[in-house]
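These are the structures, in structure tokens.
The same chain A turns up in both complexes below, where it pairs with chain B and then with chain C.
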Partner chain A sequence: MKMHFNRKHLVIPYGLFLVLFVIIPLGFIVYYAFTNGSTGSFSLANFIKFFASPTSLSTLLLSIGVALLTTAVCLLIAYPIAYILARSKFKKKSVLLMLFVLPMWINFVLRINALREFLDLIGLLDQAHLFNTILGMVYDFLPFMILPLYTTLIKLDKSMLEASADLGSHPVSTFAKVTLPLSMPGIVSGITMVFMPTMTNYVISDTLGLGHVTIIGKFIEECFGARSDWHLGSAIALVLLMIIFVSMLVSGGFKEEDNGSRGAGLW
Partner chain B sequence: MMKKILTFAIAFILAFVVIAPNTTFAVAQQDVLRIYSWEDYIYTDEDTGKTLADEFADWYKAKTGKTIRVEYSTFGTNEIMYNELKISPGSYDLICPSEYMIQKMINEDMLVEYSAEFLDESNPENHYVNNVSGYIKNLFESHKTSNGKSWANYAAGYMWGTMGFIYNPQKVSEEDIAHWEVVWDESYKNQSTLKDSVRDTYFMGLAYVYSDELTALATQFKNNQLDAQEYNAQVNAILNRTDDDTIEKVEQALIDAKKNVFGFEVDSGKNDMITGKININFAWSGDAVYAIDEAEEQEVYLNYSVPQEGSNIFFDGWVMPKGANTTLAEAFVNYISMPENACANMDYVGYTSVIAGDEVFDRMVDYFELTTAQDYASLSDDEKADLVAVDLSYFFDDLTDDRDATVYTDVIGRQFYAQYPDLDTINRCAIMNYFDNETNEKISILWENVKGTELPIWVLVLLGALVVVYVGQIIAKKIYKRNRAKYIANTKK
Partner chain C sequence: MSEKIIQLIDVYKEYDKNVAVENVTFYVKKGEFVTFLGPSGCGKTTTLRMIAGFEMPTGGQILLNGKDVTSIPPHKRPINTVFQRYALFPHLDVFDNVAFGLRNKKVKTTKTDKNGNKVEKLAKLSNQVIAQKVTDALKMVDLEGFEERNVTTLSGGQQQRVAIARAIVNEPEILLLDEPLGALDLKMRKDMQIELKELHKKLGMTFIYVTHDQEEALTMSDTVVVMKDGMIQQIGTPMDIYNEPKNVFVADFIGESNILSGIMVGKYKIKFLGHTFDCVDDFALNDHVDVVVRPEDIKMVDADDGMINGVVIDSIFKGMHYEMTVKVGKSELTIQSTKERKVGEMIGMNIQPDNIHIMAKEFTTNVYDGYITKNNTVVFGDGEFDADVTQLYPGSHLDEEGYLITKEGEQIDLTDVDVRVEVGLKDIDIDDITDELEETASAVGKIISIIYKGDHYQLIVRTEENEEDYVFDTEYLWNENDTVAISIPKDKIKLSLKAEVKK
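For the complex of A and B:
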């Protein structure tokens, strides 16, 4: 058989990856989530177990709260930096950007443990578990917010801003009515890159919260570890998936009206 | 086109599926021993990086002329090991789980028995049965299984130890550390840790909740109203309670403890002791040996203590899962049980080997600079006054020439004590049985409640605010649209 190379063949490596590491595992998770541990038959017991337990629910709410706050703080810190960086006339911009992204190249366990020692030094470590956890999350995920914001802002068409100024718009309203809406795709992608990992990164909450802060990721880990209840663990993972799916729908709804097709390409 | 891509994909997957099992099959033809054990749990030559498992292949070749290959993989928790074995049974020949997991695996009929040849004490080549301490042997033989056999038929011991507190004697008094209550004691607020592992922390809660009962038993034993065996049996019964009332009490006790402790850990405790973040660390004896050694290098002096009420005794043992290559597995257990290998492992790992005998005894005397009974007799009274006798005859019951297993030392409560607890300590220590599925579920819920974080009010405020903003935005948009429509309609007029 003679093989004709076609551009479409380039999709094969990722296609395989997708099937082997995304679709099949997802199938397993769905299977485990909807089956009963002892009999293997279809059941919603895992979801009922999760939603009927006040502790599980408060763990879920806490994780959402921690993730929201982390995302908000990251956005508040990252936006001005990305904005200034993108607008600055400094020639070695990439060097500056590298400095912000540099922490990502150092093993995060190392960084979090260094932060732990620092917090101990200033006497905060055993005093403010939740604060420390959120601080660690912000520290770890900030680059993930800066990068997408920066790439969106640097591509921003300057003529739009000039047009806005020419039409007599105040810089503040130019920002609010032109820059901010146009950078929406960057904001949304930054949020998705920070929000979800924050809900599940229990290494940070364990190291800096000293085990006093339990987030939903830790709970899932316990289900697959000591508790040996893969069914419950899968059900919780699926609940998280639904939460992120719903929040994407919600934010996607905003975008279509505000920016037309600009942001939709991101999904 | 789509078809072609599909053919490609299927061919690729098929190639995987067909080739992969074939290669493992080919390897299985050559003799291979697949060992699954704990991380850092076997002597490793620091220069060559070779472990005793690698050396075993050479030893076996020299002994039998057969070339074999050893695959050594490691796990982090018993549950990970168990889950993996459940998913792919028959993928290992020899595993080293802890006592409760061995119990569980025996109950679920997952293990193969050791052969009569392996258990034959008359063969001097059978290093395990000939060298294992009588204490461990008794322990294994006295625990019967439901089919009339005992643990000794299914498991060969490897390492064992106790649970207790590593503490800084300059910061914590000896009287306080002798009781579980120290973790609840507010004068040690933020100075102690719990284990981030259900079983160990549940055990601590049990010992605290029933400390009065345990203390009463200890007093009876001291006054000779109870013999050692009866005392130990009763301690075992108390420290294995899992009735609903007990679970409720333990849950409350642990929730209280959580408010008083520095945190939960499984690994960071050792380092936090050395850096002084904490002064009391609930730990396994092997970790205690390691922590005390490490601290010493930085001129911090730590001690180890097992609470007076009683504590947990644990061991890890070699078991052969169904489908194992038993010939090689048994040969390996005998190899690893040779006294010189047991000593090498102990030096490297820090835990205590189950192997006794003269060679291990002499290593202990050398390593901890102890005085033997023989040398003690020739000391002056002044010199004798500094030394404390430690009776280890329960463990070293097989010394030749009727050597006395009592040793004398002036270092109390440190590495030596952690590695070889005295008879008093052994008498008050209990083995913790495995939880059946129903109990496991109850205790998992207890753990969930203990570990759960109280929901701070700001989270609710934040979530509430988010909903308000979202709904507000939708309403604002609707109003805007309506006004705009009106405006357009008006201008058209």
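For the complex of A and C:
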């Protein structure tokens, strides 16, 4: 018998990976979330526990707040940087871009601890826990906002801008009417790449907020660790998953056509 | 009709020291359909972009209705553009694309205020006015009912129409069209040519059109501006340009031509193809000139009945006519006729005096500024050539150390001496470039122009570094854009001193 190598067979390793590391763990989470800790029977008790507790709800709201603020600040800083980089006639602009992305290559725990030492040095560490947390988040996630914005802006057809000027638009109104709408895919993917992780990145809030800022990620960690309530932890994880899913639907989600704007085209 | 709507005075543009447009001066009359015609890289699009305001001239002036607009940004000019690849806004539907310019527009309106006084105010156009204008514009380009369509779902031809509607809806004083039909297929292009022409008549707007398609230029325009290498070659009506080309380039670029070398043998007498023809152009006696004869202007008669005889060596049926190649002596002529003559047949040919277009030869010799190196070679035209430097001093010779010894026995060091170098059109050879030649060749350049002149080709090879040109005649056919090595026989390089050398 002959072995026929088919291109379809290439899917096997990926399929195995998917089953082992995505579908089975997800199955566990769903199982734990909908079962009762003591009896193991189906129950919604975990969800009720989460939504009935003011502490857990306020943690969720705080997380959303921190994530929103981080995303907004990132966008405000990243857009001008990406715009100037994309527009500049400098020949080696990818080098400039790399300078902004370079911090990503350094271990993130190291970076955050360095920031912590710096804040300690200037005496801010114990003064403004929430500010420090957001500062750390922005510092950490800024490249994820710059990259997709830069790739959409660099692809923007210059003749669009000329057409707008030709039709009587002042440069400012060209920006509002043409550049901004056409860079929307980059903005959307930048937001998805910053908003989601900031909701759960408790290492930053722990290190820079000195335990005063508890975000939902920390809460989950506690459920699986100190409180050893895997059922509640799984339920919260599922709630988060739903929030991400809904926000992706709202923002237009991952469309085939903007794959290129997600940083893929850069390197 | 005689009002000058736009005027370019000595307009000059360079990018990174490369000249794109060189001292262009011309004007366009109100309501005219003017076409810039030329091969790619001739500066026609750059000129258009300077009129639109996207590019700032390096020097010179652009006047709009007599007012200097050279440094006014594009959004303040009453000029709209149809872009080469349309540049429609993909995030807007057809209606919003067309309405884009109108929404930026402010018009003067008089309003009565509380006290009953009339006040003049700048106001935006109302939505009804915009809607009406957009509908009218879409109707004009046959796109009624397309208002809500997404522009990305339209065909090329439809996008083209949206682009035109988007520009004309603003009622600009000048409409610029940058090769607007380039992306369409042949049939569609022909239809759009007629439609654009009609649109021009209907609107009475001034159209400035850019194309590299000579047929398009001749069919559509009132005036054609032929450009090459950033310079205007000829301005005239399509008829003028076709019938009275000013130089060999225009003759070769517009329509098909036979370009031959001739010599003036008397008043209104020119000799070429071994026969003396009557002509209507007057040049000095014994002048070497270029002669242009259109293929359809050569009339075939029976052998020995015409002014000249030739043998048909090729015949192709082209739908409307036959195109025959006829060998006369060493030259080949192209003839178009509705009657076919068989290959191998001997025929006679007549050419009427007013169909013989004579123009001064553009190039008679190559002239360069150069200098002599310490090895007694000469550097010019981006290359280093072996030359006979003793010709500078008749009767002189070189000693073993490379010094020049004159007839009188004086010793002269020629190192770094500036010389004027002349090379004849027949004295340059080229070879296909190889790795080895790249190292050893005197100079290397790219073929940028090939013009067939009856019995030979005239080539121009341009070097990359300083864009030095080598013009020469060759019997062999080369390909444009080929990179070649240039060689010149040592004894064909004529040198003369620019100044007396210190001894």
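Methods note: the second predicted complex is superposed on the first by the 243 of 267 C-alpha atoms of A that agree within 3 Å, B and C clash if a C-alpha of one lies under 4 Å from a C-alpha of the other, contacts with A are read in each partner's own complex, and residues count from 1 in each chain.
The rule is simple: a contact is a pair of C-beta atoms (placed from the backbone, for glycine too) under 8 Å apart; a residue touches a chain by one contact, two chains touch by 3 or more.
As the structure is a computational prediction, the values presented were derived from the model and not from experiment.
In the superposed pair of complexes, A:D157 makes contact with chain C only, with no contact to chain B.
Shared-chain residue A:D166: touches chain C; no touch with chain B. More chain A residues lie in contact with B than with the other chain of the pair chain B and chain C. No residue of chain A touches both chain B in one complex and chain C in the other. Taken in their complex, chain A has these residues touching chain B: 6, 8-9, 11-12, 15-16, 19, 38, 53, 55-56, 58-59, 61-62, 64-66, 68-69, 117, 120, 125-126, 130, 206-207, 209-214, 218-219, 222, 224-230, 250, 254, 257. Contacts from chain A toward chain C in the complex involve residues 157, 159-160, 162-171, 173, 177-178, 181-182, 184. Contact residues on chain C toward chain A in their complex (touch as defined above): 52-54, 73-75, 79-81, 83-85, 87-91, 100-101, 104-105, 166-167, 170. Contact residues on chain B toward chain A in their complex (touch as defined above): 1, 4-5, 8-9, 12-13, 77, 79-80, 82-83, 190, 194, 196-199, 258, 262-265, 268, 275, 277, 437, 440-441, 444-445, 447-449, 451-456, 458-460, 462-463, 466, 470, 473, 477.
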